[in-house]
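Per-chain residue numbering starts at 1, and chain names A, B, C, D, E and F are given in the order in which the chains are listed.
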Amino acid sequence: MFLHRKELIRPVNVGRPDARFGTFLLEQFGGATGELTAALQYWVQSFHVENAGIRDMLQDIALEEFSHLEMVGKLIALHTAKLDQADVYASPLFRVRGMGPHFVDSQGSCWTAAYINEGGNVVRDLRANIAAEAGARQTYEALIKACTDEGSKKTLTHLLTREVSHTAMFMQALDKLGKLTDPIFGNVEPDQTVNVYFNLSKNGKDERGPWNQEPMFTFEADPKPRGGLPANPVNPDDERGKLKAPKLAAE
Amino acid sequence: MFLHRKELIRPVNVGRPDARFGTFLLEQFGGATGELTAALQYWVQSFHVENAGIRDMLQDIALEEFSHLEMVGKLIALHTAKLDQADVYASPLFRVRGMGPHFVDSQGSCWTAAYINEGGNVVRDLRANIAAEAGARQTYEALIKACTDEGSKKTLTHLLTREVSHTAMFMQALDKLGKLTDPIFGNVEPDQTVNVYFNLSKNGKDERGPWNQEPMFTFEADPKPRGGLPANPVNPDDERGKLKAPKLAAE
Amino acid sequence: MFLHRKELIRPVNVGRPDARFGTFLLEQFGGATGELTAALQYWVQSFHVENAGIRDMLQDIALEEFSHLEMVGKLIALHTAKLDQADVYASPLFRVRGMGPHFVDSQGSCWTAAYINEGGNVVRDLRANIAAEAGARQTYEALIKACTDEGSKKTLTHLLTREVSHTAMFMQALDKLGKLTDPIFGNVEPDQTVNVYFNLSKNGKDERGPWNQEPMFTFEADPKPRGGLPANPVNPDDERGKLKAPKLAAE
Amino acid sequence: MFLHRKELIRPVNVGRPDARFGTFLLEQFGGATGELTAALQYWVQSFHVENAGIRDMLQDIALEEFSHLEMVGKLIALHTAKLDQADVYASPLFRVRGMGPHFVDSQGSCWTAAYINEGGNVVRDLRANIAAEAGARQTYEALIKACTDEGSKKTLTHLLTREVSHTAMFMQALDKLGKLTDPIFGNVEPDQTVNVYFNLSKNGKDERGPWNQEPMFTFEADPKPRGGLPANPVNPDDERGKLKAPKLAAE
Amino acid sequence: MFLHRKELIRPVNVGRPDARFGTFLLEQFGGATGELTAALQYWVQSFHVENAGIRDMLQDIALEEFSHLEMVGKLIALHTAKLDQADVYASPLFRVRGMGPHFVDSQGSCWTAAYINEGGNVVRDLRANIAAEAGARQTYEALIKACTDEGSKKTLTHLLTREVSHTAMFMQALDKLGKLTDPIFGNVEPDQTVNVYFNLSKNGKDERGPWNQEPMFTFEADPKPRGGLPANPVNPDDERGKLKAPKLAAE
Amino acid sequence: MFLHRKELIRPVNVGRPDARFGTFLLEQFGGATGELTAALQYWVQSFHVENAGIRDMLQDIALEEFSHLEMVGKLIALHTAKLDQADVYASPLFRVRGMGPHFVDSQGSCWTAAYINEGGNVVRDLRANIAAEAGARQTYEALIKACTDEGSKKTLTHLLTREVSHTAMFMQALDKLGKLTDPIFGNVEPDQTVNVYFNLSKNGKDERGPWNQEPMFTFEADPKPRGGLPANPVNPDDERGKLKAPKLAAE
């Protein structure tokens, strides 16, 4: 059951409203890396994760993300409260849709659940969450760099900070499962190619690093196709292209 | 520059074609966790990643994913080569669109670039890739469990194996950057809340674990709003609701 | 600020799990008329609605919808907890994505913010909400008709009931603004055509009703175009079609 | 059967072409609240609505909306007829796609049928239509405010007027069915909670209004969860996270 | 200006309603190759095509496609009029959304304007239309093959026939412009590589045909990269990955 | 199996980086008419096309399009390498997402497989490809017109040239099948209306041309509906609108 306090979880202050910057902020409200994505992803995972502790953590963090979504929404509302009539083209999105946040990104694309990565296994979920936090943090850094208002910057820095905190929590949970540094999880035995590195993109000079070196990896310098020529399925429809059907008069 | 050999990178054999299972396989051709997502995500990252070794790795793995996309496509082509006329409703998707792979998922939804997670920072990119691999691996396990054809199962096991291999490579690269187990990256200093855990979802019994315990985390058992009541922006449009405009005749 | 109690707002019980019916239920989790649409629509409106009472109502109802989303999610989790291995094709969506709810509709399409209708004026918002409730109620009725499990039916009936309750609340709010039965709102004076009904679809017999009759409406039985022939803009590009460029050798 | 007269239903004149304003206008051609949404929504409803009079009304209004779509398209064509080569960035959308209307909104997002709300019951359909008209009217007001060309403004005012007219017609039809002010419709009996208002969003001061007061509503000031702790479904996959599979060499 | 006659342009009869086949039919109502795509594509082209004759043809055919959309819609309404309560899972889409057509395809995906191909040049438009007709025809053939009802089959055959007719008309128009068999159009002079064929996909045996032979084409049997190594842009953000920021306590 | 050379297929040089022009270029990277659409469309067709020569051609051209996608990506990377901090609003898309290409179009909309047209028949596929090339060529012309950098212009002209080359190849293949100028293909016999032209859009003056004239076409000057009045399906749900259910207290 969800409850709500009208006070914000942390303060939001805007010194100098700027509707164009408000458009940027939409990225974290209705964009791919935004708070809605995080809140819904972690929360929906909690329905299928069996481990009670991790399930609880997912719910705690999801709730914080909902509260952050509220903060970003408030930030947008403050930046778009006074749409300047003098320059009608400065913030076309808010001009057309009205002030305040909307569930679109900074380019006006609707939020879609295609942004969410979850399902079937807690290790997969936690790895997806670390990736989601990394994307969110990156966007906050971009917004902070583009921001000239001190109040907004402080709020955005807090939101970025918490993405780091959540990353640390997800890493701890993965580590508890022994899967922070172990690539393998699940119930299917890998085959014997698991250690091979295929050098498929070349320019005469091979870049080497721990990701393609001994002792972990075997470097295959010049990989060849080993799958043979694929048998082509019978597709009777293709012959239709040549069929002679009755023509139109002038043909 | 891309080149192509018609032979497959690894063998693909289908003993008993099953168009319905072909529908399942679309998940890894045109679905969220599929090979197209992986190939395009890693490859597009290579345009902005500065580190020459990691950039090369991204290209090598992307190329392998394109070759895997080809294998999955071939698998689908073989499973749908002979659409059984006796049960027209068994595989409606292929019945309508024709045999062979299409860039939709197992539910018929078009592939969208919203599945891709990348941009701005190599650490974010690599974390996104580990998450992408985890999703792909999970889906392959689901397909293997649902599969009754030995040939298909062997191919799917190889594809799953390689997702594990790629995970290991991305982990090595992150580790080289010192970011496999370090939650912090980028250029913005986190604020002082970075170690706090907010216990926002309750039921009278707190679940505790390394993700919300000392020494790393401070557990805030009963978080309160600290942001105050949000000032409401002036929205002159809302008053419009009460305006008395000339009415229609019968009103 | 959002808070969460792990106990559900109302009970959810499932007597006989049925993963195929679980697929139907997704319509109200990640579908167009589902609880996510309602929760996010009402909540996002609260950022721009000036009237304090209505803003509060929008937040109260939004919170209830989040709690209903949780109930629907729980219902789906219970229906998909035991995926029957005997019939792998019975619930392909859960087979591939894993058990529990996902933010897709019953056809597997991702939830999109395109479902949301809001912005700029409280009258518009409240009318959109009455429409959203009508859609949600209609889908719940369809699910109840398709349902054979008594526990599920009881939960769905409660959820349908609350859509009726919300409709009543939104109607009261609109009525308070004088806009439940008054078609006009906003700041633009309609022109003189406001009472005309154009009979544009014909079959020799005109259907008449209060929506096209005196005293409110003037019935124009045989409307003619009054806008004249549209001047065609100059499009220099079209001439390109005839341009003679150097041909390929064999042409 | 559809027929077409090349003359417009009402005049469209543009005094001063402005490609940037043309971009705004796309909102009513290929946007969520635009004429295509209205035309297709009302028309598709006419296939399942049984009441002959209302079905006819839906078709009449749908046809008018198609004719309005044509007017908006013509307006866009006139505003984009002469793309100013001097400022290539002034209207990037038309610069790339060519002059004239396209089925995208003012932010370049493709029109999607996710905007449409219809199905299963005439009351639901009519409520959806009143909401659609409210959205369309709101966007026309925004466009009129942003418009500096008198000819365009006159056309937009006419289009706004007709949205008001249609609203009046839909209200009359709903009233005829007794459902303009009655929240209840359909065949499922609501349960006993139908009159309760849950005060879920708080800040120490309760806002009260006809939407949460006696005699219609019972105000529950401090709602508690009554659904108990949800039983967690068994998810065997989660245990997989801890499984020890053969490791890569260097692990 | 659009007008409507309630009588259909051609008869639609259904002998044996089959809701599952109704799902298939959605492909031509709200699917990629369906009548809505055709109607809107040809009609929107008419706003920017300068040639009066071709513009008129586009409008004539668009109107016919709208009338065909109506026929397909009617066909779906007849197939879904009586949803069989005995098998609730036979047509889940109509069970949830209600009878009659909806703007989704046979897999339940919403229609999107991304299906439309148009803009900027009449030659491009006409080629897009020939492609659209080919897709529509192909889907009608698939539906006819899957159809067991004679009445439906007759209607579908008529609709397929008219796609052929429209193809012939578009071909005539292109031929009039001299562009049916001439690959070149527009105002940019091709460079000297226009006749080269690059043999990029190999398996030791080159397939040859008029598309890669003299006199029209030069066959480059073993193409090499001629673009050199791409200079890498400076991306200061990537260095961030290595930055040492203050760590969390336990790190 | 795919292979990659790091050198580009053709040179890419940028004299004066312009991040705003970089946004335009996205249209050919992640846009509807872009290289990804072409590459994936031709390549996916190769899985179901039976004719070995045409299948090989599709693969050769697809590979070239992948190499062109790389060139466009490189062009974007060079134009966005140095995001000018002085004008943060000049290229908001790259500011938020980071430098380099992304799979979105110039308006920020994600690439979707809905852009792809393929399936079931080689004639349909080849016609779809000619249309795809026409769209790509048109967009390149628009970009060249908007471009002020000579290096970029040269690259874009080469890419446009190759679209012309591919068009010529697809035309040759269609011609080999006898289907470049023959509208008919496939296995369904058209009915007797195949030669009729319906004059459905009027303004008192009929435009005539080879597309609606003898000897090929019969011109029906004033088409009438021949389908009769559609029988309306029984929709029991609509009666629900009038049902009297127990009301809320104050009603």
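By our rule, contacts are C-beta pairs under 8 Å (C-beta built on N, C-alpha and C of every residue); 3 or more make two chains touch, one makes a residue touch a chain.
Remember, predicted model here, so these are calculated numbers, not experimental data.
Taken together, subunit C and subunit F share the touching chains A, B, D, E. The two sequence copies subunit B and subunit C touch through a face in which the numbers common to both fall below half of the numbers used overall. These two copies of the sequence, subunit B and subunit E, are related by a rotation of 120 degrees on CA atoms, to the nearest 5. Spacing of subunit B relative to subunit F, judged by their CA centroids, is 26 angstrom.
Inter-chain centre distance (subunit A to subunit F, centres taken as mean C-alpha positions): 27 Å.
The centroid of the Cα atoms in subunit B and the matching centroid in subunit D are 30 Å apart. Shared interface positions of subunit D, defined as residues touching 2 or more other chains, are 1-9, 48, 52, 55, 59, 63, 67, 74, 77, 97-100, 104, 107-110, 112, 114, 119-121, 123, 138-139, 142, 164-165, 168, 181, 183-187, 189-190, 194-195, 200-201, 203, 216-217, 225, 227, 229, 232-235, 237, 248, 251.
Subunit A meets subunit C in the complex at residues 1-9, 30, 36, 40, 44, 47-48, 59, 63, 66-67, 70, 73-74, 76-77, 97-104, 110-114, 116, 118-121. Within the complex, the subunit E residues that touch subunit C are 1-7, 48-51, 55, 88-89, 92-93, 95-98, 104, 107-110, 120-123, 177-179, 181-187, 189-190, 194-195, 215-217.
Put simply, subunit D touches subunit C in their complex at residues 5-12, 32-33, 52-57, 59-60, 62-64, 67, 71, 74, 77-78, 80-82, 98-100, 112, 114-115, 117, 119-121, 123-124, 127-128, 130-132, 134-135, 137-142, 144, 157-158, 160-162, 164-165, 167-173, 175-176, 180-181, 183-191, 193-201, 206-212, 216-217, 223, 225-235, 237.
Subunit F contributes residues 20, 23-24, 27, 105-109, 138-139, 142-143, 146, 200-203, 225, 227, 232-235, 237-243, 245-251 to its touches with subunit D in the complex.
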